[in-house]
Amino acid sequence: MERIVYMDHASATSLSPEVKEAMMPYLDEVFWNPSVVYDLGSRVKDAIEDAREKVADLINAEPDEIVFTSSGAEANNLAIKGIAFANPKKGKRIIVSAIEHHSVLNSARFFERLGYEVTFLPVDRYGLVDPERLKKAISPDTVLVSIMHANNEIGTIEPIKELCEIAHENGSFFHTDAVATVGNIPVDVKELGIDLLSLSGISLGAPKGTGALYFKKNTRLMPLIHGGIQERGRRAGTENVPGIIGLGKAAELRVKNLEERAKKLTSLRDRLIQGVTSSIPKVHFTGHPEKRLPNHASFCIEGIEGEALIFMLSANNVYANTGSACASKALKTSPVLVAIGLSDVVAQGSVVFTLDESNSPEDVDHVLNVLPQVARRLREMSPVWKE
Amino acid sequence: MERIVYMDHASATSLSPEVKEAMMPYLDEVFWNPSVVYDLGSRVKDAIEDAREKVADLINAEPDEIVFTSSGAEANNLAIKGIAFANPKKGKRIIVSAIEHHSVLNSARFFERLGYEVTFLPVDRYGLVDPERLKKAISPDTVLVSIMHANNEIGTIEPIKELCEIAHENGSFFHTDAVATVGNIPVDVKELGIDLLSLSGISLGAPKGTGALYFKKNTRLMPLIHGGIQERGRRAGTENVPGIIGLGKAAELRVKNLEERAKKLTSLRDRLIQGVTSSIPKVHFTGHPEKRLPNHASFCIEGIEGEALIFMLSANNVYANTGSACASKALKTSPVLVAIGLSDVVAQGSVVFTLDESNSPEDVDHVLNVLPQVARRLREMSPVWKE
Amino acid sequence: MYSQKVMEHFSNPRNTGEIPQADGVGEVGNPACGDMMTFYIKVKDGRIEDVKYKTFGCVAAIAVSSMVSEMVKGKTLEEAKTITNKAVAEALDGLPKQKMHCSNLGAKALKEAIKDYEIKVLGKEHESELAKKNVKRTAECTHCGVSNPITAKFCMNCGEKMED
Amino acid sequence: MYSQKVMEHFSNPRNTGEIPQADGVGEVGNPACGDMMTFYIKVKDGRIEDVKYKTFGCVAAIAVSSMVSEMVKGKTLEEAKTITNKAVAEALDGLPKQKMHCSNLGAKALKEAIKDYEIKVLGKEHESELAKKNVKRTAECTHCGVSNPITAKFCMNCGEKMED
């Protein structure tokens, strides 16, 4: 059989048998609505609360600080809109980094129409936000600072604790989009000190369409989805019960082997980075070399365009991503890659590998065999490429 | 084996083997993110579009008029906030009926803080909104009228087509929360003429945590969840793929036997209504006797309280609801029952049966055996009850 | 959600009913709000010789009144007066947080019955009805705990309907 | 998402490369925007004797240039000029809606090459560069189709980033 190498785990992962099995009963046997009064409803309710505990455990939070959402994007929207709408008196400025996920950027921009000002903090060539910049940008009317824990396109991990302290000195709330980190590196909300944190099932081995927002106890939050008393009034709508159970199980599994997993993936990642940068000329390794997700290797290959690259890789049984899964069909230069100072042309040739425990050193070697060939082929027919 | 009678199908239904089977592959085998560029992503994307077609078919819409959401509540929030935020020039008045679901009521009330006025239309003793009332209440600055297709607590079906015409003559958008009707009676968006319609998986035999909003082509809509380009920019976040596939399959199954199902349930319903009203003194049948959901029978039993009633029924293997699943734990008198003119005391004794094809005439007879006994026991110990 | 003890008392409530010529009757709650209890006591030699009640309310309300009746039967009036909501809830192996308010009702109704007896039989004055006109400017949402103006119909924070 | 024909041309693009002493060269697009094509033609007796190209761009862009090269090889210049975007897309069994813009590029680059040839060899004048300064006040969002002010960076309606 031909080797198939899937290295796009940040976009989606096949559910493990454990996670799948945990969910199954909640599709038919244990089907009751968790909100009903009779005792059968409590069985489902209890299972949800159990999942909430497991998710809380993964990030060292209390269970009642967790709201389940339908995605990481919803968690980001709930954080930003929830804080801004609930705290109008603090002021009308929101600060985000220039490399946030669309769901953060566009939630912030939504408030521009409501008379808010949004400040975008630049990053350095590694994608790091400079705390000094935040100090300068922050103002008494800044209600919220939102800076992602790690960037999904370049893998850089931001100095959240330091940034959060600056926000708190100013009396501003601090939110971090931790979709790329939770489940990949240890994340401790108390240690970080933040007020709100978003996570998504997709980076945990949980089903798609699941996520959660951590909010520090007593944080005022306007619901994004108004209605009934589900999630203690923070988020209405009948719960995606199987999804929540799957998220809980996945969180439980990750808690157990977080360190070991990170170690394994770091070694694969470094083998990949080392191999790519040494075998392909004019390749730009993107993001920070050390402050970096263990499962993440990203590059820009000069002279070629990302979509063609991804397709030709997939024709050779290698599956990777170009930029974020969301942006990849929007045919635009990635704002993240522009923000770290790459030219538009170079940024076109973006390729991102995200690893998982199912990947082996042989997988990496396969990529190291295929990628240079593919790059060469595409460069040969590129009017932009000159040897 | 003892007979267990579950008659709370509006709260939740066990997935049919067909629906469950349709979802299964999307948990592991076909796990790719639908937004990725490589061909495997298209397989998932195509499956989502297929589901979209099936949901559209169920309500005679076009596929590109459907946005998938994570619940009926989210669909209601998206409709109301989406229209109000996207059309600020039209004006700052929103009209809803007094008996809307919490997710509609609270979405509308959210705008009160933003300087909007919300008008609540009263209903008659059957729960019907009088079109003349809407004519009087509507004003040039009314941006949106939202009136539910059928009420979940009393089963009454509203004259949507007529109400919608009044809104349109005024240049206002019209939304209907059709969570209680879609899948239970034929719903045709073109025939109704409405601009927006919400539906939920829970009333279709689809998984919990699924829903959809229909919006007429070219309707301006501000996203509720901002971010990437999923759902063509209307709703960000990685899709709940198995949920969407389940919703599509469930819609397909309902299209096929909608009429036959309604006929069967109507006869069970009438047997239940007939039996309850004739065997229990001082019981109030709620809602409209004819303009009524085929699967819905609702009552208020004087002298007793709903939660105790539901628990004692469940101790006798009968599962029913009291008011809406959301409100049932809020310990408040149902606003719907107050709106139809019942006194607070009477409204406490609310019990709602929602039927499904899995229910038989014998189930109904079991309820007719148990309910009068339970009512008698609770009344015996009630200080409010006098023979 | 309910303990087995609660369910057991709910399914088989003790001492239900009225006492036709009761020495004291106490009524609390309001059926319009979903809960009302009437306690009846028969007193002999300073002891609660018999106790009965009628309850309109939820599972917790019924279990609480049953438990209160068991706890005070045979007790002296002074002993009975010391019964706390907490003790009732504990005797029931706990009550869900949002139902604690029921446990208050049971003890309250009983104490009202004792007061009624003391006024009728002993001539004691009713204490000035709990100086309960403490003018509140804010109300806490029972769902999310955030303070709201008392005029708020829905919680500003979580959007849930405010209890009146 | 792509037709088999597209994938086939992408995987095995025909006529790739440069023509060192080309009679006409046409270049369109901008690599900074993700797509650029350069077409080279050799003309003999008013016919396109040879055609080659280099393409920087997506799968569709590569397939389109390959298809255009096949379609015009051996054709007269006048025939080649009549090639339409639609014809190219059809020959590829269709292109995804959001990729139609690529099909334009292929025909455009070829026509630029013909123009270049005509100027260089026949002395024809370039037509005044498409009166393309039609001052637009609004831009349509490519996702939801709603009109936005040209200054909008994100669609007012769906929030998606606006194309420049």
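Which chain is which? They are A, B, C and D, in the order written, and residues in each are numbered from 1.
In this section, contacts are C-beta pairs under 8 Å (C-beta built on N, C-alpha and C of every residue); 3 or more make two chains touch, one makes a residue touch a chain.
Predicted model only: the values in this text are computed from it and were never measured.
Trainee: When the centre of a chain is set as the mean of its C-alpha atoms, what distance in Å lies between chain B and chain C?
Mentor: Computed from C-alpha means, the inter-chain centre distance equals 36 Å.
Trainee: So how far apart, in whole Å, are chain C and chain D when each is placed at the average of its C-alpha atoms?
Mentor: The mean C-alpha positions of chain C and chain D differ by 81 Å.
Trainee: Roughly how far is chain A from chain C, going centre to centre by Cα mean, in whole Å?
Mentor: 50
Trainee: Quick check on chain A: which residues sit in contact with 2+ other chains?
Mentor: 39, 102, 106, 109-110, 113, 222-223, 226-227, 229, 236, 307, 311, 329-330
Trainee: Would you pick out the residues of chain D that each touch at least 2 other chains?
Mentor: 156, 159-160, in rising order.
Trainee: In graph terms, nodes being chains and edges touches, is this line, ring, star, complete or other?
Mentor: Graph shape here is other: it fits none of the named patterns.
Trainee: Applying that definition of touch, give me each pair of chains that meets it.
Mentor: Pairs satisfying the touch definition: A-B, A-C, A-D, B-C, B-D.
Trainee: Which chain B residues qualify as touching chain A in the complex?
Mentor: My answer: residues 8, 11-15, 20, 23, 27-29, 31-33, 35-40, 70-74, 76-77, 85, 101-103, 106-107, 109-110, 113, 200, 202, 207-211, 222-230, 236-243, 306-307, 310-311, 313-314, 319, 321-322, 324-330.
Trainee: So in the complex, the part of chain A that touches chain C is made up of which residues?
Mentor: 39, 42, 45, 86, 218, 220-223, 226-227, 229, 232-234, 236
Trainee: Touching chain A in the complex: which residues of chain D?
Mentor: Answer in residue numbers: 7, 10-11, 13, 16-17, 27, 31-38, 54-59, 61-62, 98, 153-154, 156, 159-161, 163.
Trainee: Residues of chain A touching chain D in their complex?
Mentor: Going through chain A, the ones touching chain D are 102, 106, 109-110, 113, 303-305, 307-308, 311-312, 315, 329-333, 343-345, 348, 380-385.
Trainee: Which bits of chain C are touching chain A when the two form their complex?
Mentor: Of all residues in chain C, those touching chain A are 1-2, 7, 141, 143-146, 155-160.
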